[in-house]
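I have placed the structure first, in the form of structure tokens, so that the comments after it can refer back to it.
Letters A, B, C, D, E and F mark the chains as written, and numbering starts fresh at 1 in each.
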Amino acid sequence: MIDTKKLTVSSSPQIHSADSTAKIMWTVVLSLVPAGIWGVYIFGMSALVVILVSIIAAVAAEALLGLINKEVTVNDGSAFLTGLLVGYNMPPQVPLFIPVVASLFAIVVVKWSFGGLGANWMNPALAGRVFVFFSWTGPMTKWLLPITGGADAVTGPTPLGSLKSAYFATSLNVSGPIEYLQSEGLPVTYKDLFIGNIPGSIGEVSALLLLLGALVLVARKILTWHVPVAYIGSFAFLIWMFGGVRMGTGLFSGDVLFHILSGGLMLGALYMATDMATTPLTAKGNIIFGIGCGFLSFLIRIFGSLPEAVSLSIIVMNIFVPVIDRYTKIKRFGYGEVKEKSGE
Amino acid sequence: MFNFLKGLFKENPIFVLALGLCPTLAVSTQVVNAIGMGAGVIFVLIGSNIMVSLLKNFIPDEVHIPAYIVIIASFVTIVDMLMQAFVPALSASLGVFVKLIVVNCIILGRAEAYASKNSVKDSIVDALGMGIGFTIGLLVISLVREVLGSGTITLFPMGNFDGVIEIPGLVDAPVRIFSLSPGALLAMGFLMAGFNWLKSKKKED
Amino acid sequence: MSYIGIIITYVFISNMILSQFLGLCPFIGVSKDSDSAVGMGFAVTFVMSMASLVTWIIYHGILVPLNLEFLQTIAFILVIASLVQLVEMAVQKFSPALYKALGIYLPLITTNCAVMGIALINVREEYNILESFTAGFAGGIGFLLAIFLMSAIRVKLDKENVPRFLKGTPIAFVSGGLMALAFMAFDRALLANLIG
Amino acid sequence: MLDLILRTLYGFISVAFLGSALGFGLAIAAKKLRVEKDKTVEALMGHLPGLNCGSCGYAGCEPYAEALSSGSDSDITKCKPGGAACLEGIGQVLEREVDTSGPRMVAQVHCRGGEGTAETRYRYKGLKDCNAASILFGGDKSCQYGCLGLGSCMQVCPADAIDYDEQGLVWVDKNKCIGCEKCIAVCPTGVIKMIPEDADVIVACNSKDKGKDTKANCSVGCIGCQICAKKFPDAGYKITDNLSIVGYNDRGPGRADAAEKCPTGSIIVLDEK
Amino acid sequence: MNNKLMQMTLRLAIICAVASLVLGVVNIVTEPVIVERKRAEKEVALKELSDGDHVGELQLPANSDELHGKLSAALAAHGVIAPGEDFNEKELITSIYPVDRNGEVFKYILQLDGSGYGGTMVILAVFLKDGTFVKAKLMENNETPGLGKKAEEAAYYNMFLNTGSDAAPLPVSKRALSPADGEAVSGSTITFNGISRALALGSDYVKLLGGKN
Amino acid sequence: MSKFKTFPKGGVHPPDNISGTGNRPIRNASLPTHAVIPMSQHIGAPAECIVNVGDTIEEEQLIGKSTGYVSVPVHSSIPGKVVEIKEIYLPHGKKSQAVVIELGGEFKRMGKPQKQSDWTGLSEKEIIERISSMGLAGQGGATFPTHVKLVLPEGKKCDYLLVNAAECEPYLTSDQNMILEKAEEILEGLKILKKLLSPREIIFAIESNKPEAAGVMAAAVEKSDLDVRIDILKTKYPQGAEKNIIKSCTGKEVPSGKLPLDIGMVVLNVETVYSVYEALVFEKPLVERVVTVSGGAVKAPETFRVKIGTTYRQLLEECEGLIEEPAKVISGGPMMGFGVFDLDTPVTKGTSGILFLTKKEVKAAKQTSCISCGRCIQACPMGLNPSDINKHSLNFLFEEAQDMGLLDCVECGSCAYVCPAHIPLVQSFRMGKNQLRAIMMQKKGAK
């Protein structure tokens, strides 16, 4: 009747929700695809090559390390996702050795040194991005103008980049970023920023498609609102308060919309500050984490010299995650309202 | 002989004892610095080991740390002044870390653990072993860092040779992180892991 | 530079450990668990503040007037070593509990580059006595911050499946490297723009 | 030049002054603030191996030394990894007689049943941890005495002495084993037992089932057939609870021959390595 | 008094004293060498910058409100500082060496402090009397190799050549550079800003000096 | 949503799968030819076997004697002959002695007219004695000796008597069907308990996905003179867990490490209440119970009234066998039940269901390492951090795990159910608790 030797015996619970690590990872990958297609559409085939190369490097590294560890882990999709995000974070025409190094660094050093999936405490894709940014700053800060892909590609600064240079010029006489860019001969509208008609990293430009993808993830309960809302909210507030200071327009005059839609903030806040492995476990922890990211992004973007505000603030906050997790305890059942056990 | 070899591998001050890390990481951006630093440390180690060993009965126990430290500091200052006078370029690139040899944990450690209990001759051997072990560690790290981080190997200029070997390919686009602080720590971590691996290989044979 | 500037500098931008490479031995050695790490951090902060003060006095009170700058190293280290030993003895005598918590780290501080380093930096930057003290204190806090964050990470890593050869000290270095990578976010230009 | 010499003199005086002041201060402090250190603990620490492995039941070597010194623990044999030298040293410090005869003991897994040889009852799905698996009917093996093969012992072994061998079975490397017995404590089936380092053979089975049941469960298990004990009466084999036990002190003739004759091959000759 | 105590004190004092004595002796040997070396180094640098012409005595910026006012106006006009922004030329110009040929001063070498990516940079720069930039050398600095450190190369200053006079102002922002030069400083804008501003200050200051000795 | 009561934090929503067997009459399973009756069917000391092989046994004869206060006697469910006494595995993985009885002889009760006895004259002590001697153990799953629960310690008062009819486990419908058929009897049982405990209020708590049962109960309460508050609870697992149901109904929290009684609560499963009724009104020991046999692999799922000792194999046959090879056979509900591999395992006092689950229903996936998603924390009704406790437990840091609340874990499985990494968290906690017990024993031994 039944071959009892083939019955599975395991500890309770005996059934499981339909989700799995692999399902989550591949869903995130899918939700990112539209933004990537857009990037390839406006920057040309070189962008596609960069993305593919990043993914291949990441997956190959994962497969190799899996071989050493006698455990096949490429199917779980996390390495693919890391590779994809590395690719999305590259300028469209970057020399190909750079995404390769970034992916290898992400997978080998940042992820597997610590024991693989979930053991890493820093976001692999971002650490890879920052690693190559500091190593090869020049190529990492060369951008393509939209719809110029192909042989005669034209380079130009990102909106945020040229604004940043403006901060170092002493006298600005404009009301805000949009006007400044106009005066520089780089006219950009909010609509351009929103749909992604601007120079930038391949996957970061289209705020619209990123938002749509993230909505899918929210619906599938893969993303919770905590990090994105805390991150973007605190960032927007600080920008509104102080963002105008360096434009010379004083307090409470920051151009929130411009800053939210530019510089990869969307990609960072929706997809990279939400990487489960490297963010706090609890809702409260995630809100603290998000606010930290928002503050640092604001600080670096407005006062720093580096164009890497989003990447850097997320990996700086990654350092704080173990500490945040330690001090954001949930209330345990049967412990009264506040009673905390000491010495934990 | 055994004492000497011990410092090289089994008790390598950098990879095994994890001591003297600051200068190791700070000055290892160029091979030439590593050589200079290593020479300085060997000099100070030998000098202070000799003096501590000689004076072991003279120094009262209660103040032995200040006493040892004064001895070490003197040798360090001598090295510092000599470097400033005669190899100014090296002195400049080692910067404050020459003075910091004084707090290099290895030196006080050897004075305490070894020289204060052993004869002058043995102390010299110990100092040499430890010093060379330290220098070798430093050399390995600086080689990795300079090759990756700058694409060069900087040695002393001699005759026509300007002292810099350039690694084709890397020199134009080096992995600059390795010449900065994160690269130092990363390189150190992986070299140490490699060292552990070597050790376990040895044990198995 | 303003005092706030000094504090930001030595806590974040020129963090003793993550960008200056000072005090790495205790950073690696005593960061296995958070209690010791914090103990060490406070001990270092205390000694760094005191040492900054005392060495400033020795330097500007004795060495400079007598043109004896060449005796800087020996004088500084003598003072620091004695200070540490005195603190150690006093704590041991008067507060055995505190000694149990801190005592084992105090001797380590004598050979902690950060203490000597801040004394030398104070001279190099030509700080006045209060600035020196502030720098010493901020340097200590920077050390405390780094070692505390590091300890939390290491405690987490203890429960992860770190590859065998990387376990322990090597993975601490790798973690330190990644921390330093992130701390490159705080550069001097940021400070300059922030406080003018 | 004169200036330089004068400065040297100043330096001489001021540093001598500084030194004497600090020396004086420290000396006084040392006198006033003197706290006696426990000499016995220090002496004991000198003999303990310093592995802090915890097999003595204390958090590390120092707490054990303190316990011995204060007399709150009188058992001086608790540090297994220290071996004879350590025991002798402790004995000296505490002025106690010690018996350090006998060979060093190491752990070994007394089971060679694995895939293809040992039967399983069901498909196990769960943690790779022996104690966790043993919650579920004592594990998936039909034999209740054997090695579950999930490697909890490997995880606790402080000396990395345990690993899977070529056949994928758990095996202790006697050269690395420090004899701390942690693996024995963690193993839910009790299949790890201490043997002398120089052991020549072991009966690599732990099954106390009747021969028939053992045979049904595992093709390499000891079925208690008595061949070893009856055919080689001087070789030191004895059957208790359907299981052959080797004595390590009387190594009579025929020990290795018994291994040849064992119908299931559960007696294994250990090679001299 | 306790004998042991005295002995301890004495012994430490002796060690300290002997140590300092030894150091003193080494110092007697090395200090003159060090001092001489430093002097020679600077001399070589100045000589190189002056192209063999005679370098005059060291001067410091004049302490005059009038000069300061004029300088402020000039700098604001050249876009180096914002109108109304304060600055202190005495901190930024640390030394001035007039260079003369046959007794007549025709250029100046200025030691300037600029702020770069890694903090203060020390620049030695040469200007003609009318403020035209001649050449410069980056001395102490903490810039990044491969980026800001490029400013240590002599060729870096080609983009400033023939600028600085009233007719051709020094480029103080990337916008004023040719596309090729702009590309070249890209990635090290901060270093460029620091250097160009320091040079602009020097140039304007020299113009005000107007060849006085 | 908010119109139903619930506990505030945690919980999961597995598909309930009760439509197949719910709201259907309970069928009597045929008698077992061989009943396998374990001596340990409850929490606490196993009963002591007092029969020998060869003995002839009557229906409901005492075959196992209670061996202590926290222990219950065992009765034979059928008449017959003892043919074997052996060690068997029980579903929770531990071994127990079991008596095998071959059916034969005459039934005392079955098929005969029932003789009612009047309980109203009994004293409280006599009621407890009766409950104890009839072998009652909680039928909600934990099989805790019922009489122990019902003795109020000196100075303690019972504020609420809570009837747990939540039946939050998916697939299980035995409580539900029981209510539909035996509402009045259950109320009678409550009257007995009211006399015993004199609670301030009696609460009948049931999940919102069983409106018919709730309706039947409400109608019965309407007709009776007993005051019972009916609480409809939000359908959410583990609504039926003791501490959570108390929180849902009364807002009170049983402090960590304390028992419900410490805050004046007694919680009993409906079937336990029914057994109390039978014990007092018919003097009937606990020898049969209601069992749901279900799961996607079963051809005709059904709720049965089953003699204790009946094997799973027999019940499966009564469901007309399988339509598909099952991946798992479960004793109990899918969330807290135990997987078994031996179809000759008998039904015991605690067996509420037997499930034959298909691969599709199980939804197993490859285990990966923890990705720190925090879902387990969100799901845990006890406010624990399962991810972290698991990591401690797997690294042998059991005492640290205890500080983090390992012992507060009720093993509800919510965490492991949602964990996308498919980490067997509950297994880890059970192992951790075992190890912790060993450590504590060792410590006690050392002292």
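Note that in this section a contact is a pair of C-beta atoms (placed from the backbone, for glycine too) under 8 Å apart; a residue touches a chain by one contact, two chains touch by 3 or more.
The chain lineup, named per UniProt: C = Ion-translocating oxidoreductase complex subunit A.
What you see is a predicted model; the values in this text were computed from it and never measured.
Colleague: Quick check on the contact network: minimum steps from chain D to chain F?
Modeller: Steps on the shortest route: 1.
Colleague: Under the touch criterion given at the top, what is the topological distance in steps from chain B to chain C?
Modeller: Between chain B and chain C, the shortest chain-hopping route counts 1.
Colleague: Looking at C-F and C-E, which pair shares more C-beta contacts?
Modeller: So, comparing the two chain pairs, more contacts are at C-E.
Colleague: Based on mean C-alpha positions, I'd like to know which chain lies farthest from chain D.
Modeller: E
Colleague: Please report how many Å separate the Cα centroid of chain A from that of chain B, as a whole number.
Modeller: The computed centroid separation for chain A versus chain B comes out at 41 Å.
Colleague: So the centre of each chain is just the mean of its C-alpha atoms; given that, what is the distance between chain B and chain F in Å?
Modeller: Going by mean C-alpha positions, chain B sits 69 Å from chain F.
Colleague: What whole-Å value do you get for the distance between chain E and chain F if each is reduced to the mean of its CA atoms?
Modeller: 86
Colleague: By residue number and range, which residues of chain D touch two or more other chains?
Modeller: Those would be 7, 11, 14-15, 18-19, 22-23, 26-27, 30-31, 121-122, 125-126, 132, 135-137.
Colleague: Which residues of chain F are in contact with two or more other chains?
Modeller: As it turns out, chain F has residues touching two or more other chains at 339, 341, 364, 369, 394, 424, 427, 430.
Colleague: Residues touching two or more other chains, restricted to chain E: which are they?
Modeller: 8, 11-12, 15-16, 19-20, 23-24, 27, 31, 117, 190
Colleague: Determine which chains touch and list them pairwise.
Modeller: Chains touch in the following pairs: A-B, A-C, A-D, A-E, A-F, B-C, B-D, B-E, C-D, C-E, C-F, D-E, D-F.
Colleague: What residues of chain D sit close enough to touch chain B in their complex?
Modeller: Checking each residue of chain D against chain B gives 19, 22-23, 26-27, 30-31, 176.
Colleague: In the complex formed with chain D, which residues of chain C make contact?
Modeller: 58, 62, 66-68, 70-71, 74-75, 78-79, 82, 85-86, 89-90, 92-93, 164
Colleague: Using the touch rule from the top, collect the residues of chain B that touch chain D in their complex.
Modeller: The touching residues are 60, 62-63, 66, 70, 203.
Colleague: Help me check something: in the complex, which residues belonging to chain D touch chain F?
Modeller: 57, 121-122, 125-127, 129, 131-132, 135-138, 155-156, 186
Colleague: Chain A touches which residues of chain D in the complex?
Modeller: 120-126, 132, 135-137, 140
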